[in-house]
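Naming follows writing order (A, B and C), and every chain is counted from residue 1.
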Amino acid sequence: MALAAAVRVPASVLLRAGARLPGVALGLTERVDGWGDGARRFGSQRVLVEPDAGAGVAVMKLKNPPVNTLSLEFLTELVICLEKLENDKSFRGVVLTSDCPGVFSAGLDLTEMCGKSPAHYAEYWKAVQELWLQFYQSNLVLVSAINGACPAGGCLMTLTCDYRVLADNPRYCIGLNETQLGIVAPFWFKDTLENVIGHRAAERALQLGLLFPPAEALQVGIVDQVVPEEQVQSTALSAIAQWMTIPDHARQLTKAMMRKATASRLITQRDADVQNFVSFISKDSIQKSLQLYLERLKEKKG
Amino acid sequence: MALAAAVRVPASVLLRAGARLPGVALGLTERVDGWGDGARRFGSQRVLVEPDAGAGVAVMKLKNPPVNTLSLEFLTELVICLEKLENDKSFRGVVLTSDCPGVFSAGLDLTEMCGKSPAHYAEYWKAVQELWLQFYQSNLVLVSAINGACPAGGCLMTLTCDYRVLADNPRYCIGLNETQLGIVAPFWFKDTLENVIGHRAAERALQLGLLFPPAEALQVGIVDQVVPEEQVQSTALSAIAQWMTIPDHARQLTKAMMRKATASRLITQRDADVQNFVSFISKDSIQKSLQLYLERLKEKKG
Amino acid sequence: MALAAAVRVPASVLLRAGARLPGVALGLTERVDGWGDGARRFGSQRVLVEPDAGAGVAVMKLKNPPVNTLSLEFLTELVICLEKLENDKSFRGVVLTSDCPGVFSAGLDLTEMCGKSPAHYAEYWKAVQELWLQFYQSNLVLVSAINGACPAGGCLMTLTCDYRVLADNPRYCIGLNETQLGIVAPFWFKDTLENVIGHRAAERALQLGLLFPPAEALQVGIVDQVVPEEQVQSTALSAIAQWMTIPDHARQLTKAMMRKATASRLITQRDADVQNFVSFISKDSIQKSLQLYLERLKEKKG
């Protein structure tokens, strides 16, 4: 994993970056030995970590209500939490799930992309890249227990996992629906989806911005299993148990071999990808339509 | 789309090339405003264009009887028609279908490859490349309404589309059957098929020159839908309506992102690919077998 | 096939290499004209070749009891046999099957990787590479009649074929199960599997070291057909008959086009791949676990 080691920006750098922003209070606490009440002490303000001592598995619950929007702070906390689990040898696997009813994650935070400075857009986009790089190249086994709607950036997160279990609820759709909002999924979102469902299905899904309801999601292969809602987490834990039977070293090298080319594509184009995002999102037309969208969203809620 | 813009040979160049050939009479007419009887005025001798004003969709009917063979003139007309639709902002999508009963297109025109000069072979092959580049990289939504047999070059045309609807008639087979004729599909035919049905299925289909009847075509994924014959065009129009709901700019950038690598492979090797074709097709053995094949075809008809 | 011609190490080189090892007695006999009793005279000690004169097909039976382990000698014989068939114009196709009941091939020979010198490991690995290069790029049609368990290296052999028929016996599982033994399939094993079952299925199968029973093997596409055990060979012969209907030249060029990129990846990294294998397998930890595994295997048998 020399590659992974070389390219990962340490979370501390992101933290420093985050610290420049008002309102960022990560509230990370150090891990304490003895897992009795560890669930609350590990993790952060927006990420609950519930460790299963015996199994070597932790359940990471996304808790950024109401819809787990991936704000800059939330992205940073997610990356730090995963990094801590990665560095803690008592863990070999993570189940990713949501603590917000009905939503796994609504995806990227549009307020981070609207009415801010180019420097802010750049910082935000680096954090999105960092999340993907950290999760996609994780040495841990990652399994998604998708217990809610899972569009766009939420979908991207689950696509970085090794296995995906979706709750059988017709409202829990999953997909990269960027085009429906008039925006374009970056190439590494595309690569990740293509690796999972193949070129043809990805081409159609991305162009149409498809959100797949459970049965279709299973058929196209964007998730691996669909189960009744109350069994999502237990099924994910059963699934991860199978991965736990494989010697870590061999599994990790195999995973790295499968994903190296895809990760390298972003790594070598990271700065250009940021520039690309900033110049796109700074456009007047895009800013106007985002503002309109956000205003409508507020009215809807209000 | 800087790429697409840079690599497209303007149709006018092809036109001039075509003008050197005897018998080429494109008969293209300019578009006139007011679509009342536009169907006949737009398009060309061999391509009927039936615009649906409201929907922003045009139906392009291939009309090069008896079997829509892709002669040099026909290729040129197809490219020009698409280019005109592409440049006409009232259109966002095209349904491609056949006006020749029982055949979508019999594919490349063997008479263009037999008993002619190397210069002619080169010119012909450039026109085939041009068709593929223009169609594969089109900013329009292209949907095929496959209402007849669809082998070889005919299949290639439909593979460039965004969606394929096939009539449920056991005689309407689709596939790249080149090896059955003793010839080899070029790498970009292969790439296009592989992008649609995956590596394994493409390897088998190409080696065996498989022509898939409707049920198999659907199963292998070379078409997206199979419907009763009388519903092919209406189904294609319904399908394209879904694509029309997506903002053009986002959809076009997404499509370009999906197809850029494949298109670039031909673009960078275009001349070598022409040379390769010319030297292959000029071989005595290939010329003899083509002649034999054409003579048999004549006898069959006669 | 200039590529293939350029990169294939002649089997005679391998033979000379093999001749340095004690206990290597290839016992290859020259082909004699007249196929009456050719079956026993062609082939070698460990590879039975049963020619079907009329069909242009030979059945190659792996006979290295008890489980067709791919020892250095066996690998060498397999490569030489295929090379002879390749050079013999009376053959156009080969059905690959096992003469050892219940096992197609147990895969690589762990005794070749344990307690030997680095030079031996290097020699052994070159022979594994050579087998793959020769089989994957063969101009012959190769069809596997998988009449027994088919893990690891055994699976790799069948993945090089053009078509795979598996006997419907729940004990006949197939897959690249390397991670289950704590080792990592090399990148070209991965590439070969990915070309057959796609990226996502390969990622999961390789990480978990999955061995697919027949129904699952068919579903994931790692085999093309599952038939009752007594029909495996006859089905393979029927399948190969379809491939025989295609003109060789066109089929071979098509096959080469499909596989060139994958083969080239190993060819350009061949030495590095050997070094990589030698340094991995020479590690104390790996040697210890292999020794332990082999001792347990002996006890089990004893």
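The rule we apply is simple: a contact is a pair of C-beta atoms (placed from the backbone, for glycine too) under 8 Å apart; a residue touches a chain by one contact, two chains touch by 3 or more.
Here the structure is a predicted model, which means the values were calculated and not measured.
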**Study point:** Category of the chain touch graph - line, ring, star, complete, other
**Key:** complete
Review point. Considering chain A as a copy of chain B, what rotation angle in degrees (nearest 5) results from a C-alpha superposition of the former onto the latter?
Key: 120
Review point. Can we say the copies chain B and chain C touch using the same residue numbers, with more than half in common, or are the two sides different?
Key: different
Check your understanding: Quick one: chain B and chain C, Cα centre-to-centre, how many Å?
Key -> 40
Revision key, fill the gap. Among chain C residues, those touching two or more other chains are 198
Study note, to complete from the structure: Given the complex, residues on chain B that touch chain A span 162-163, 194-198, 221, 224, 242-243, 246-247, 249-251, 253-255, 257-259
Check your understanding: Okay, in this complex, where on chain C does chain A touch?
Key -> 178-185, 187, 190, 198-200, 202-204, 206-209
